[in-house]
Amino acid sequence: QPLSHIDGTGEARMVDVTAKQASERVAVAEARVCMAAGTLEAILAGNTPKGDVLATARIAGIMAAKRTGDLIPLCHPLPIGAVHIEITPQSEPPGFCLQATVKTRASTGVEMEALTAAAVAALTLYDMAKALQKDMTIEGVRLMRKSGGRSGDYVREPEP
Amino acid sequence: QPLSHIDGTGEARMVDVTAKQASERVAVAEARVCMAAGTLEAILAGNTPKGDVLATARIAGIMAAKRTGDLIPLCHPLPIGAVHIEITPQSEPPGFCLQATVKTRASTGVEMEALTAAAVAALTLYDMAKALQKDMTIEGVRLMRKSGGRSGDYVREPEP
Amino acid sequence: QPLSHIDGTGEARMVDVTAKQASERVAVAEARVCMAAGTLEAILAGNTPKGDVLATARIAGIMAAKRTGDLIPLCHPLPIGAVHIEITPQSEPPGFCLQATVKTRASTGVEMEALTAAAVAALTLYDMAKALQKDMTIEGVRLMRKSGGRSGDYVREPEP
Amino acid sequence: QPLSHIDGTGEARMVDVTAKQASERVAVAEARVCMAAGTLEAILAGNTPKGDVLATARIAGIMAAKRTGDLIPLCHPLPIGAVHIEITPQSEPPGFCLQATVKTRASTGVEMEALTAAAVAALTLYDMAKALQKDMTIEGVRLMRKSGGRSGDYVREPEP
Amino acid sequence: QPLSHIDGTGEARMVDVTAKQASERVAVAEARVCMAAGTLEAILAGNTPKGDVLATARIAGIMAAKRTGDLIPLCHPLPIGAVHIEITPQSEPPGFCLQATVKTRASTGVEMEALTAAAVAALTLYDMAKALQKDMTIEGVRLMRKSGGRSGDYVREPEP
Amino acid sequence: QPLSHIDGTGEARMVDVTAKQASERVAVAEARVCMAAGTLEAILAGNTPKGDVLATARIAGIMAAKRTGDLIPLCHPLPIGAVHIEITPQSEPPGFCLQATVKTRASTGVEMEALTAAAVAALTLYDMAKALQKDMTIEGVRLMRKSGGRSGDYVREPEP
């Protein structure tokens, strides 16, 4: 089974999608920022009324979704129709779960847009907290589900 | 201990670095792309002579390092002096480790540049393999070490 | 009446336009750069044959229209179909009126593209004249009319 | 007194700043978004705890400051050292005042960065409120003060 | 016969394509990098298994195709559907031929995208070899053929 | 003699320039757009007073110089200090010569910036004339001279 982005001689190419029909497509991806409990508390304390911590991460993720085709070399530029980033604090292990939902009406899917949005939102949250803790990690950047397109719907198996 | 990127009223700001002295700074970050053994084999098979798979991820990571200040809202634009991306296949668990090293002579560090380079290189590798496997994950996006600057050197504790 | 770009919990989102029908849409926006009479004269004198002053502002405005979705966080990227920037000197008060017309065939309108084009063209004109006068101002950045789309046509009321 | 960005034959150029000494420079610019009292109320109501309205405009302004050299054709790319955007609601006339402060250590000033940040933050606020009111205007985009550099400090005269 | 990008008064504009029907369009462009025989040998030697020289040029060309509307002021942003860059070493005269093929389904053609991809891939190859030879040249940046659209197909006449 | 942008295992990297001293550097590059005599005449006729043809190409070249590090994967981002584009009509063979001069104070040179500026200015001129003639070519994209830096000054040998 070949890699679609590599042609018969091993060279990178942008896959041809001009013959595919445009249809509505949705993808949902997640990422987690894992941190010490004290770091989590400090972020939540900073996110008081008017506090911009989570808003900054949301905006960064939304803007990154729109720039995916400019960041990932073999991605197609797509007319992004909607982006939503949901950020949820988690106590065990301490940190945040960032979920990105991206929609489009296009001839190819938006998995990479959702993954890029989740990853950049997570990097932005990391950036704002890195003065407090240097060994945070970003884990579990992954596709949760997608729908639309020829290859059918996909829902990630729940982890055991 | 306050969040440096948030001012006293909770509003986001770019921290003032104009009074800090420029000095040489290095940061090393890593990310892992975890996949099925068969996906790993297919990528390595596609990466024959002239095969562009890993080269594409390296180039994407290098270009992303230079664009960090444009992606992460509160990062300073920095005169990136060197970027190196090393991608190593791993058998247990199967996948790739991507390590990004970034250097600069500037008044603030390049942790975010190294983390962004590693994350975007990982997303690019994911993109090229996603036709083979939908449930790959990106794990362990984290800072390995940094040197230079007022806050001193940092080396990540080895995982137990 | 809620803000469309903010969801029920107060979080920013890109409004979903994937279900809307693409149709032809036009928006016209204006901005004025107000300056001393002597500054206006110097610009007009510099805009002799081969003089690039107004051309530079026009090109900047056209390019900014295409980059609106990358500048304004919650704007959709749109397939801009036409941009025209008209710059007219005015003697009372002295300065320039910049009018931007943007067209597209898309599922949402181009008001922000026209406003961004007019504002960036005005900033560019300001940049070229700022060595002559430091207290110029940009005034009246506003939508003049728009057509197409579900919400119907709009024509700005003439000022009394 | 000639236009510095236009050479002797009328052609646009980027002024040579390579021989100028780098020094600390600050610029402060403002813009106002003028709206109906009801629109102002709706925005303030939407800006409850967790409300992202003003945060989105702040982030857009900060990111635009960093991109000024890419938007305004004859501006130099500068190592932006700090950006702060302050947004204040005003009741008479109803609307918001957006003030951008930009700092750098460079061989030319950051007036255009401050003006661009204020203008893009204002456009972003406009974008989020435009579903409520179509005839808002952006007024008074102007430099308030600057310091540093050969041409000396500047403070705008208070309006009578 | 007038210049389409200049209106009746000599001012630049983006031509209106909103009334044109979207159809499949293809363009093929070429560029050559001419160098000493020794430089060619060194590049080919560096392009051993895992060697990234030509891959880097290919990726740069693909990414530039997607960014054409952001580089060439009066070009329309287009939904690029496929890009392929083929790089062939040539012995007489020594150097490389770079051929870019771009496809879209849009209301205007992709000649500029193909030419920009070929030119940027050539500049990237030049960049990687410039430490070896300072007097390389890029020649023959030109459209080879295009199809689709109202103006009909075009095939470049073979050179005599 | 190795390729500097490729490490010992054949992998692309950004060369480390952090230990190099910043100094003033200048590079001059040229490109030619070759066309039929009638196309040249039409462009010159369109470039009447207020005619934006050559100004558009100049602005595109200046903006591209600033974006070189974002286009050419292994180029360093540099604080461009000055850009000047000179466009000269030529009758034999008919067309235009575009000369780009770029200056900086940095730890590496600006050859690629000058070459990119000349190439993009040439592509922009091509874009504006392509409705008149499909078989124009861009020739002779090459470095004319450079000064500054460790490797000494370079002046291109005049062609015989």
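For clarity, chains are labelled A, B, C, D, E and F in written order, and residue numbers in each chain start from 1.
Here is the rule we use: a contact is a pair of C-beta atoms (placed from the backbone, for glycine too) under 8 Å apart; a residue touches a chain by one contact, two chains touch by 3 or more.
This structure is a prediction, so every number in the text was calculated from the model and none was measured.
Counting steps between touching chains, the shortest path from chain C to chain F takes 1. Any chain bridging chain D and chain F, meaning touching each of them, is among B, C; the list is complete. For chain B, the chain whose average C-alpha position is most distant is C. Here A-C and B-E are compared, and the pair linked by more C-beta contacts is A-C.
Annotation: the chain A:chain E pair of sequence copies touches via predominantly different residues, less than half of the used numbers being shared.
Farthest chain from chain E, judged by C-alpha centroids: D. The distance from the centre of chain C to the centre of chain D, with each centre set as the mean of the Cα atoms, comes to 16 Å. Centre-to-centre spacing of chain B and chain F amounts to 32 Å, using the average Cα coordinate of each chain. Separating the CA-averaged centres of chain A and chain F is a span of 37 Å. Each of the following residues of chain F touches two or more other chains: 11-12, 47-50, 52, 55-56, 58-60, 63, 67, 73-74, 77, 79.
Each chain pair that touches appears in this list: A-B, A-C, A-D, A-E, B-D, B-E, B-F, C-D, C-E, C-F, D-F, E-F.
By the touch criterion given at the top, residues 24, 55, 58-59, 62-63, 66-67, 77, 79-86, 103-105 of chain E touch chain A in their complex. Interface residues of chain E facing chain B in the complex, by the touch rule stated above, are 47-50, 52, 54-56, 58-60, 63. Chain B makes touch with chain D in their complex at residues 7, 11-19, 69-70, 73-74, 76-79, 106-107. Those residues of chain B that touch chain A in the complex are listed here as 1-6, 9-12, 31, 42-43, 46-53, 55-56, 59-60, 63-64, 67, 71-75, 111-112, 115-116, 119-120, 122-124, 126-132, 134-143, 146, 154, 156-157.
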